[in-house]
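Each structure below appears as structure tokens.
Heads up, the next two complexes both have subunit A, just with different partners, subunit B and then subunit C.
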Partner chain A sequence: MRNVAIRNWVIGTGTPVLLLAAWWFLSANSTDPFFPPLETILIRFQELWLFDHFQSDVLLSLGNLFLGFAIAAVVGVAVGFATALVPPVRWMIDPLIHFLRGIPPVALVPIFISLIGFGTQMRVTSIALAALFPTMIATVDGIRSVSNDLMDVARVYRLSRKERVFNVLLPAAMPQIFSGLQVSLQVAFIVMIASEMLGSSQGIGAMTLLAQQSFMTADMWAGILLLGVIGFLVNILFSLLKRKVLSWYIGSRRMARAA
Partner chain B sequence: MSARPAPPLPLRNRKSTMAQQPETRISATTPRLDVAHLAKTYGSGEKSHTVIEDLTFTVDAGEVVCIVGPSGVGKTTLLKCLAGLHPASSGRAAIDGRTISGPPPEMALVFQDYNRSLMPWLTVRKNLVLPLRHLKLPAAELKERCDSALAAVGLSHADNQYPWQLSGGMQQRVAIARALAYRPEILIMDEPFASVDAQTRFDLEDLCLKIRKDFNMTILVVTHDIDEAVYLADRVVVLGSRPARVLKVVDVDLPAPRDQITTRSLPDFARQRTEVLSLIKRPA
Partner chain C sequence: MKASIRPYAFSALGIAGALVIWQVLATAQVAGNALPSATTVFTTLATILGTGTFWSALGATIGIALLALALAALAGVVLGLLIGSFESVRYATLAVLEFLKPVPPIVILPLAVLVLGPTAEMALFLVVFGCLLPIVMQTVDGVQGTDPVARDTARSYGMGEGEILARVVLPSAMPYIGTAMRLAAPAALVVTVVAGLLGGGPGLGQTIYQAQAAGDYASLYGLVIVLGVLGLLFQGATRLAERRVLHWHESYREVVP
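So, the complex of A and B:
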């Protein structure tokens, strides 16, 4: 058991390290303007991101991402609950959900990008709007699939409406809500970058696009590298949160599989 | 496995969802639980399906009544009507003369599907606490109720575990403990001892008789086990099927206190279980 975990960890961290090493050696003597040596890219990476533009661009981008995602998460869950529980809201939102269900969330991104104006506020709004729907739909599905047996228990023991929402429905729907949040996070990340590439002169996306347009390939690669690293770290954070909140669910699934 | 002597039943908020019916006076002869011409039809129109057509029986205060009947006859349906989860299609079920129209505050129900009736995200103890939160009990009483309920079903050691970490029989006992901690005046259980081992089963049967004595609780139990029904009950309601009807209410006249060994070896015990068995075996 322990050995398997160690082996997986070695493979998980070893592969990226190997790939980076391969990149390093294969590109070391490159003169191709589009594929500068990794060494050059890393030097630019350090010069650009770690000090100069860290506050003005990196923090700005991350701030937009988290704010937009947080708004999407809270509003998405709230609207999802209203849709599942309040009939008039259901009549309004259900057709929209049926329409959106068939479309991959990322395919909606162009709509929200066209909404993007200038200024941080508009960017956060478009991130939030785009990321809202996956969480909202997952919440509605999650609540609708809560078993009747649990709701019967809640009724027999006369739980209040508030207790039913926060102590029964919300935790019971949480596994599905989290899969919605995961998609929302990806969408938020994409819209964050796109919004900066299209409507801004600041942020990682804007810097990266600017570098590309002015043929500063090393800078462009440094930007892409940074986006990759951020995406990776954000996903790890999300997984940690998920593992904590859904530990009961992960445990019960493992138990059910073992049985 | 024995319940510690616990304080008497607290007065509970009786502002229930039950309709006040001034025409029915509570008198000494009003049964605690009164099922009169109860009918239940699922669905409507073409697809309607009558499970219970005309069911009548009563349960007096402090009585233990068992319901036996073939699988699929509608026992669970009946209990859900009594618990106010399903509205009756016609006829009525009443507590102290008041028609049940929603879950009554003085009642607890132990569901048949115990593994689907516990909250998997809560530990055993928190499962017990959840129904008690709105009673706003002092912390000490809350703890005492959970402790004694868990001790009563022999699960004191498991209070920090999650239901899915427990065996089926242990989960069932958690569901029973949750009902006990709620301290209902009327306890309804749907095949509560179906998946526990024989020894635990005897212990839980005796626990059932003990809480009836200690709290003067009124208890209604659905069971498949005819011996169990005769051992536990003051009366056994035998149901016949399609649609469900009462074949007979058998009065069990075995002496109290009952004991797993002496009671079960009485000639009267054998006679009464034969009576119930022959009612069920007889082709309907």
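So, the complex of A and C:
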């Protein structure tokens, strides 16, 4: 049994190392213009991002991402609550929301470019609007699935409307809201890159596409690596936050399963 | 009776209200030419719908999305069954899959355009890349979630490994695969549009890019509306297909409130 566990651990950590090593050695003397040596890519990575363009491009992109996501999170949860708790509002905006959700988020970027221009404002607006819908829809679903018993108990205890919203509904809907937020974060990341690729000159996405168009392949690979790492790290950080905030929920689920 | 009509009345009111606000804002010229009025957009849309180029772009978009979805489903289920069935393969791929999962296809778009050019193959590759991993991961979960008693029962009836895979493991993984497909179908459409918009691949994305670059805002809005409707159709169709294919499964047999 222990041997199996050790073997699995070795396989698990060994494979990525092996793949990276294979990439390193197979590309070492590569003259293929599309696939430069990994060493060259890493050198360009260090030259570009650590820390020449760090402030002007990396921080700019990340700032837009977090600002847009934060706006989407706050507005999404607020509008979600309004729609779920006031039926006429829900009936009124439900069809519109479903229609807007059907539009690929990236397709909204050209519209914002034509309305606001190429600046930071456009990028944050695009990110915020595109990331709004997953959170909002998850919030509505989360509130609707709160059990009636819970609400009855809250009413029996004569909790005020405010208490019911903040102390009963919000925590009960939290697991679903967080799932929605995670999807929103991924959408925000995609739209961040797209808004930079469409005609702006700053940001990681813009630099990566520009490098591709000017056949600076190593620079392009460096950009792809950075974007991949950011996508991965942002997701991991959010998962950690989620586990922390929802620890009571994860614990109660585990107990329910054990019982 | 009256209460059941009210939601629809409010919905109609909401749509009408949004259109009126749009029309008023546009005629007030709040954003100049960049915000054409609703009436202009819909008349332009009617003209666009009469052109052959629009329909061939629409056909290219739907064709690429569906073909890539089929390829991703086939490859994803086969890979998922493989990874889910062998523990060592699962451990070997775990780290790589976990790293690649949150990386959207738009990240490798520059690479795809560089190697494949602004072609349908490039779009196809990006969509398959984007849809493959979720399908693989869900299939692995499905294989892992197979009831061990059902597996043992099949074995004691003398079924071979292949038969168990086809008759026990695959059906029990089907709901997982169904969920993955329901999420992958709209994503396939999105990535196809992205490949056209940013990578110059064929389809509606490219048409939108051209409209924006030419400052043809009425067409731009019209095309985005088309995409919205198309997105809804994709979502509806996959939900319907999922229910059709999985009608036998217990989670679909009755409506869960």
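Things worth noting here:
Note that the second predicted complex is superposed on the first by the 220 of 259 C-alpha atoms of A that agree within 3 Å, B and C clash if a C-alpha of one lies under 4 Å from a C-alpha of the other, contacts with A are read in each partner's own complex, and residues count from 1 in each chain.
We adopt the following convention: a residue touches a chain if its C-beta (ideal position, glycine included) is under 8 Å from a C-beta of that chain, and two chains touch if they have at least 3 such contacts.
Computed from a predicted model, the values in this text were never measured in an experiment.
When the two complexes are overlaid on their common chain A, residue A:93 makes contact with subunit C while staying clear of subunit B.
A count of residues in subunit A touched by subunit B and by subunit C gives the higher number to C. In the superposition on chain A, contact is made by A:167 with subunit B only, not with subunit C. Contact with subunit B, but none with subunit C, is seen for A:153 once the two complexes are overlaid on the shared chain. Subunit B contributes residues 80, 83-85, 102-103, 105, 107-109, 111, 113, 116-117, 119-121, 130-131, 133-134, 162, 164-165, 182 to its touches with subunit A in the complex. Taken together, the subunit C residues at the contact with subunit A in this complex read 6-11, 13-15, 17-18, 31, 34-35, 87-88, 91-96, 99, 101-104, 106-111, 113-115, 186, 189-190, 193-194, 197-198, 205, 208-209, 211-212, 215, 217, 220-221, 223-224, 227-232, 234-235.
Those residues of subunit A that touch subunit B in the complex are listed here as 147, 149-150, 152-153, 155-160, 163, 167-168, 171-172, 174, 248-249, 251-252, 255-256. Chain contact summary for the complex, subunit A toward subunit C: residues 4, 7-9, 11-16, 19, 34, 87-88, 91-96, 98-111, 113-115, 186, 189-190, 193-194, 197-198, 208-209, 211-212, 215, 217, 220-221, 223-224, 227-228, 231-232, 234-235.
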